[in-house]
Each structure stands twice: as structure tokens, then as C-alpha cells.
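We just call them A, B, C and D in the order they show up, numbering each chain from 1.
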Amino acid sequence: MDSIRTDIAWSTPDSITAFGRDLPSEILGKVSFGDMAFLEITGRIPGPEESRMFNAMLVTLVEHGLTPSTIVARMTYLGAPESMQSAVAAGLSGLGSVFVGSVEGTAQMLYEVMPTPDADADLSALAEGIAARFAERRAILPGIGHPFHKPIDPRTPRLIELAQETGFAGPYIALVQEVAATAERAKGKSLPVNATGILGALCCEMGFDWRVCRGIGVMARAVGLVGHILEEIRNPIARQIWLQTEVAATDHFRATEPKED
Amino acid sequence: MDSIRTDIAWSTPDSITAFGRDLPSEILGKVSFGDMAFLEITGRIPGPEESRMFNAMLVTLVEHGLTPSTIVARMTYLGAPESMQSAVAAGLSGLGSVFVGSVEGTAQMLYEVMPTPDADADLSALAEGIAARFAERRAILPGIGHPFHKPIDPRTPRLIELAQETGFAGPYIALVQEVAATAERAKGKSLPVNATGILGALCCEMGFDWRVCRGIGVMARAVGLVGHILEEIRNPIARQIWLQTEVAATDHFRATEPKED
Amino acid sequence: MDSIRTDIAWSTPDSITAFGRDLPSEILGKVSFGDMAFLEITGRIPGPEESRMFNAMLVTLVEHGLTPSTIVARMTYLGAPESMQSAVAAGLSGLGSVFVGSVEGTAQMLYEVMPTPDADADLSALAEGIAARFAERRAILPGIGHPFHKPIDPRTPRLIELAQETGFAGPYIALVQEVAATAERAKGKSLPVNATGILGALCCEMGFDWRVCRGIGVMARAVGLVGHILEEIRNPIARQIWLQTEVAATDHFRATEPKED
Amino acid sequence: MDSIRTDIAWSTPDSITAFGRDLPSEILGKVSFGDMAFLEITGRIPGPEESRMFNAMLVTLVEHGLTPSTIVARMTYLGAPESMQSAVAAGLSGLGSVFVGSVEGTAQMLYEVMPTPDADADLSALAEGIAARFAERRAILPGIGHPFHKPIDPRTPRLIELAQETGFAGPYIALVQEVAATAERAKGKSLPVNATGILGALCCEMGFDWRVCRGIGVMARAVGLVGHILEEIRNPIARQIWLQTEVAATDHFRATEPKED
């Protein structure tokens, strides 16, 4: 087979090498799970501040209670309890443009106008440009506003605080805030940066390819979904959700049925 | 909607609470990604030794090079690059009984004969019992032997070493080794404990429900799959694998075609 | 690449051949969708009676209203409307041992005691043997009883009628009914054959490998899921199901909150 | 649970009603699998010509040999043979923008300039408009050209022939051909309509919502994937593909290893 190549990892009968490191002796017990995720994305072990920031980014999206993806995972487990991996897979399948995909959307939006970090950029002009471009495409600005967390997403100020503590509060964080401020002025309503917006900006601060940013959310949710499946095993609710949903959604049929007497 | 309840997490407009902790102020920046995974499974933050052992367990299965699941993820990305989450989901779908599922199989096997850790158990008798039970069902012992890593899976001794360092080298680790020794005597060939076997035993040492053990592998692989998709973005190989596979598998058709001249 | 071979189909720049037939001229417009499914499973075009029976088998599982798999598909579409294929994939992921998998379970159960059709078999003895075997394993008999369709699954008598009309009411149909009768006597309650039980028996009558029987249900549900996604596009309900579920499941948290005044 | 409603189907203990029909007596044995798919999309049973055309559309995408989706399904089955539904789900996950998604893309493109069929439309002007719009967005025209089937996709003329026979060769078929002709003139190379392009146009002729068109391909591939999984069961090739791929892709590592002597 020609012309195919991976540089991530390879094995011999008595060794496994990943990212140029001997997996057993140089990674196991030395690299944490979060830092291993960083290694997968960047090919290197993070420094202490990077690690703190990146771990917080991952942790942000692990858990948000009974979301659509957790309901999907639980309801898939109901039908196929022998295949927990399928329940996680089903739950991840909905992390598209509407939910977690906005991490990616935000990063792409920011990189488009500021391909490399520029401390001297005219953020106001860049934000206006973004707003104009999205208005032209009739597209929704990603990472701004939240249907439930109002006036502000409680994760946002904490992530900004951590970015300041770890040295990652750079021009992309400033830019995404300027985009939100511009949108707020245009719409005349509160539209603060939400958690996925800050995460998208942090991906830019870390220099990640925008095409991999959604992956941060996918990794995180995979962890949270396992937790929800475990709760489903111990205290099942999926069947009840299904049955009550079915009855409610077909109630109009029963209403028109002739009553027997 | 009656009778449904989750105790994992809930939100108000200005707060998110997970496992009884305020997510922004008590988890973000304070709990690492690996420890968050532990929190999802146990409901508590691990101690330092637990954290070290558990992170190593997770990291063990993140990366093993070009496995079936990474090929699946890459080939799915080829067709749907706008949906990276689907590529990860597809890759996870094959983590069933043959590959990562053996973590779960091992834990279940060990718990069946030793429901709670028993330092005084007659390991030899328990291992004989396991072997007899599996022979009767004509089932394959999980977590033993490896088709490629011979004579020993290089992750196994390192995981045992870490278990000793962190205080998790208890009766389940001893039992799974006794199972392997029993199998080796019965088959007359080398059948050492492989990485998933040790991981299954470690899940027992940590007191995890056997039904969630496969989840350790699922979490881990989700992280590794994102890394492989990123490499596929930068250096695509899926199309080439497909085309060469297709040609090779249909070569017999072409061989029987009449040659035109 | 060595030793790999497919015999299903192959292409040249100006032709596609599937199952030895020229796809454009010999299949398109000549073979219906249901008969194409038969061709995929058996390698041949069905006769008229086979076609009628097999199409009815497929159609049986296409639609059953708001099942867990349709809720999963709708809720996945909510998050990733750009990836309808992922919504179908997620919906299929739960067709495991609990729901559609019982088609396979029934076929395997019947083949185990009657590997080839035997018109002279002592059905009563075979059914007793099956019941004893399942009792010993503490396993649930597949294809028998239904939590909702009582006293009988309305699809069952119709499928039996069609089997009689098409000549497929053979020893496997008789055997699965005998299994149900045996179970009813043992349990002292009504446990008639359900739709998946008859479908499993019909798979045996048609000589299908038991390992492919679940595939009948998977094909069928894929069709039904597309219909539900289309309704979700036009009259969305997934968001509402999610929000009401979330509120109901976290109500106990709010109940314990101190009221502000 | 408020405000949720499905009109597709509902059940009572002794009945199942789908699309206003009693499933056992009015659908089973009377509606073929292909016509049931039509019912799911349109809410009505097709007429004879509609049925012939729609069945051919479905059958077109069932089988194309060893495609990425069939490799994905086979390789997923390798790891989780107990979960055939997951193998199909994984295989469907890649039917995104690059492959089957172009059915949807074509339909959307055609509807955008001709929302309802218009026999008097200036096709040449419409096609120019489409080409200009796509050039402006730097987007690739869907449904045009094929990397392998050259000069023409053999399914295309047959589908057009069937459209003529069944009365579905209307303005959308003409328009998609005009789009291809326009593209050919602009690029100076052969770019005929491919199978997914004709299928997209046929979806418009049938009046389908463009958002459901990808579903035609998803239904079809689900059927084909079951066939490939069955061949994988009988003549496994996934493990061999994996092993040879892995060796080829990591060959450069071995090449740089010092040889032992």
C-alpha cells in the first residue's frame, strides 16, 4: 500500500511509541489525561500554565446536566445496554453546528480577521468587519448570547479569569468580547460571550487549527456521557421519558377517538 | 413529567452546579480533565494517588496508532468533514466485545468470584473456578494474551508498577495474574495479562461498577480519535486507503475480464 | 494488499456490476427497493411470493411511532441539522438486544434446535428444550410477549396470514408458536409471539443466516427514521422534549432551594 | 408534557396506525418496502409510475462496492460483532457533504432558482445564475462530474431514461443538465451530471423538500451496508485491511530503526 503514513504512533511486539515517546515509560504515570489530550492536538506536552488553562477548557464542556446529547445517550443505552460505546457515540453525534460546534465557529470567525495574534490590531474595526460579514451572509454570530444563561454565562467570567492567571488573555479574548459588544450595540440587547465563544477564543490563543476546536468539546462530552450512562444504569429514566413523550405527542389521536360506553 | 430525576447537575440562569459543586468557581481551574472523569464515575474528587493511577489508566488507551477505530474515524471524516463529531462517534462504535470491551469483561469476571476485595482469598482456587466456568461456556478469557504484543504487552508491567507505587496493587491485580497463570498452564503457552486485563483489574481495585469499565476506554479513545482526525486533516490518507483497498478487493473481477486488443 | 476480496460489486469507469448484474441496465427500474434488499442478503432476486413476504417483513418494522430510536434521531438532528445522516445513525445505534435485536435472538434460538427445516420435528419437545435451556441460563425468551401490545401484537396474526398466503408458514413459524405456548403454560400468563418473534421465524423460513436478521430491522428503521426527521424539520418537538425533561428531572434541586423574598 | 405532537403513527394495545392507515391490515402485504419509504416522505402511497421511478432512485445508491462507508461498517463490525446496528450506524455517519450529500446539494441548488417547476423557464439563464452564484462563494457545483466514472456516470443515462418512461423528465432534469453544460463550457472539460445530480433533480421533480433528499441516500446505503456486513461475516477482510494499512503507514518508523545483528 503506497503513500500512506501516520506519524502519531507505532508499535513493535515489545514497545508502543506515541509522539516520539515510549508510551509505558515516558507517558504512563507521567502525563495526565488532560495533558495527553494536549499532546494529541499539538504533539507536545504543555507547560504548567498551558496545562492549567487547557484542562479548564476541557472541563468546561464535560457536564451541563440533562442536555440533548445525554438524553440521546441514555435512550440509546435503553435499547442496547450491551453496547455502551454506541450510547456515547449516539450522544456525540448531535454535537454539530447548533451546540458544541460554536467553539469551532468562533475560532474560525476570529482567525478569519486575525490569522495570527496581533496585539496592536484595531479590535473595533475587526469586530465591525466580522459583524458586517455575518450580516451579509445572514449568518448567526457564533459564541455570543445564550438562550438560558442570562444575563451572562457563568462559565465566561471564570474562563477569562483563568486566562488572565495563566497568561492566555490575549488579543483573541479581547476580540471576541469586542464582537459581542458590537453585536449588543447593533441589536440593542445583552449578548455577552458565552462559554463556547470564550473556548473558541482560547483555542486561538493556544494556536490550535480551527478545524480541531470542535474536538475539544467532543472529548469533553465523551467523558460526561459516560457519567450519565452510569447514572442511567443505577437510576433509569430513559424508558419513562420515552413513554411520557409518546403519550403526550399522540394525545391528539386519542382525543378524537370515539369513547366506548 | 413524572418520576424522572438526575442528580448529576443542574443550572439556573446564573449558575451551573455539578456533583454538588459550583462548576465555575469550584471545578474550573481546580479539577483537571482526568479528575473530572473520576468525578463523573464516582461522584468525588480523587486523592493524589488515586488521581495518578486513574489518569494513567485513562492515558493507557488513548493512543495505539492506526487501529480500526482510527481508520474508521478518518474514513468517516473523508465523507463528512463538516461533522468531526460523527467521525469520532463512528470510531467509538467499534469499541465492542473484541477490543476495548475486554476491560469490562475482565472486571466482570473478577467481581463474579470476588465481589469485594478479599486479601485472604485463595486466588489459585478462584482462578481455577474462573477457568472452569469459562471453559464450560466455551467463552474466551478476557484480558489475557495479545495477538501482537508478545511475549508481554509493554503496558502491563508499567501499570502494575504504578499500581504498586499508588497503593492499588491489591487482590484483583493478583487475581487477574493468577487467572493468566492458570490459563498458561492449561494451554501450555504464554498468555500474560494484557493492558485491558490490568485495566479491568484496576477498575475493581478502584471499586468501579463493572458496567462502567468500558467507559474508561471510550473516554480515552475519544481523545485519541480527535488527534487522528487532526492528522487526517493535515496529511490525508483515508482516500488512499479506500482506493487501494477497493482495487485489491476487486482484482479478481478484472483478472477474469476479456482483454480488449 | 493481499488476501482481501469482495464479491458483491465492482466498477469500471463506464460500468457498475452488482451481484453479477449490470446495475444500470439490469437492476435500475427492474428491481424494487425491497427486492434489492433481498438481493443484498441472498445474492438473488426473490420470486413473487418471496418478494411479497419479504417486503412485508421489512415494512413491519419501518414505523411504530415515537419510539426511543425516533426520539434519538430527532434530538440529534436538533444539534446537528447539517448532518441528517448522523441523526439516522444515532437512531439506529439503540437497535440492540432490547428492541429490534430480538429478531436475531429468535432466529438463533430456533436454528439452535432445528438447524434446517424439519416438517416432522416434535415441536413440543423442541420447545420444551428451548425453554429449559433459557431457564438454565436465566435468559429471557426472545420474541415472546409485548409490554404494550396485549393480549396480542396486532402485527403477528397478519404476518402469519401472509406467511400462509405466500407459502412461508413452515416449521419455524409453528415452532415459535409452540415456544410461546410452552412459556404461557410455564408462567401462567398470556405470552403470545410478538412481531419480532414472527419476523425471526420468517427469517428462518427464508433460510437467512441468524447473524443478519437484525439487519432486517436496521434497514427498516433507517427508512422510518428519515420520515421522523422530516416531521421534525416541519414541526420540531425535540427542543421541547429536552427542555421539559430537563426541568422535570432537576425539579428536586429547585425544591430544596431557599426561596428569595 | 406540552406542545409536542407527532402525526406519523400511534398505537393502542391492539392496533398500530401509521399515516392514517391500519398498519397490519392496510399496509403489511399491500405496500412494498420502496412504497413505504415514499409514504414516510410524502404521507401518501405512490402511483405506479411514481413507484417505479422512486424505487429506481432508492436502488441507485444501495450498492457501489467497497466504498468508504462499507469499509467503515466492516471495520466497526470487526470490533463489535454483537452490535451489527452500530456497524451500519458508523457506515452511515460518513454520508456527508462529500459523498451522498450531493443529492441534497443539487436539489437545494435547483430549487433556489426554480422554487416550483416551470416548463417555460429560461434554463440557460438559470444555469448561468447558478454558476455565477457558486463561483462567487467559491463553492463546488454539486452533482456534476465524477472522479472515477468518466466520461459519464453509467447510472445517469439510465435514470434519465426511466424519468422519461415514468413522466418525471421535467424542468429540473433539464436544468441540472444545463448546469452541467454551462460548467463544461466554463471549465473546458467534460463535467456531465453524475448519479447524485440526477437523483437531486428527481427529488425536485417529485416535489420533495430539499432537506430530506439526503435521506434517500441514507435509506439506500443502510440496505447496502447490511449486505456488506453479511459478506464480512462470511469472508472477513476488515482485519486484513487494518493490519496491512497499519504496517504500510508506519513503515517509515521501521526504516529508521537500527538493525540488530
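Rule of thumb we're sticking to: contacts are C-beta pairs under 8 Å (C-beta built on N, C-alpha and C of every residue); 3 or more make two chains touch, one makes a residue touch a chain.
Predicted, not measured: the structure shown is a model, and the values here were computed from it.
Ranked by how far their CA centres sit from the centre of chain D, the chains are topped by B.
Overlaying chain C on chain D by C-alpha atoms takes a rotation of 180 degrees, rounded in steps of 5. Distance between chain C and chain D, defined via averaged C-alpha coordinates, is recorded as 22 Å.
Centroids of chain B and chain D (each the mean of its C-alpha atoms) stand 35 Å apart. Our note on geometry: chain A versus chain D, Cα centroid distance of 30 Å, whole angstroms.
For chain D, the set of residues that touch two or more other chains comprises 1-2, 4-6, 10-11, 65-66, 80, 82-83, 85-86, 89-90, 93-96, 100-101, 237, 241, 244-245, 249-250.
By the touch criterion given at the top, residues 1-11, 13-16, 18-19, 23-25, 27-29, 31-34, 36-37, 39-41, 52, 55-56, 58-60, 62-66, 83-86, 88-90, 92-96, 100-101, 104, 148-150, 152, 154-155, 157-159, 161-162, 165, 209, 211-212, 214-215, 218-220, 222-224, 226-231, 233-235, 237, 240-241, 244 of chain B touch chain A in their complex.
Taken in their complex, chain C has these residues touching chain A: 1, 65-69, 71-72, 75-83, 86-87, 89-91, 93-101, 237-238, 241-242, 245-246, 249-250.
Chain A meets chain D in the complex at residues 1-2, 4-6, 10-11, 17, 80, 82-83, 85-86, 89-90, 93, 244-245, 248-254.
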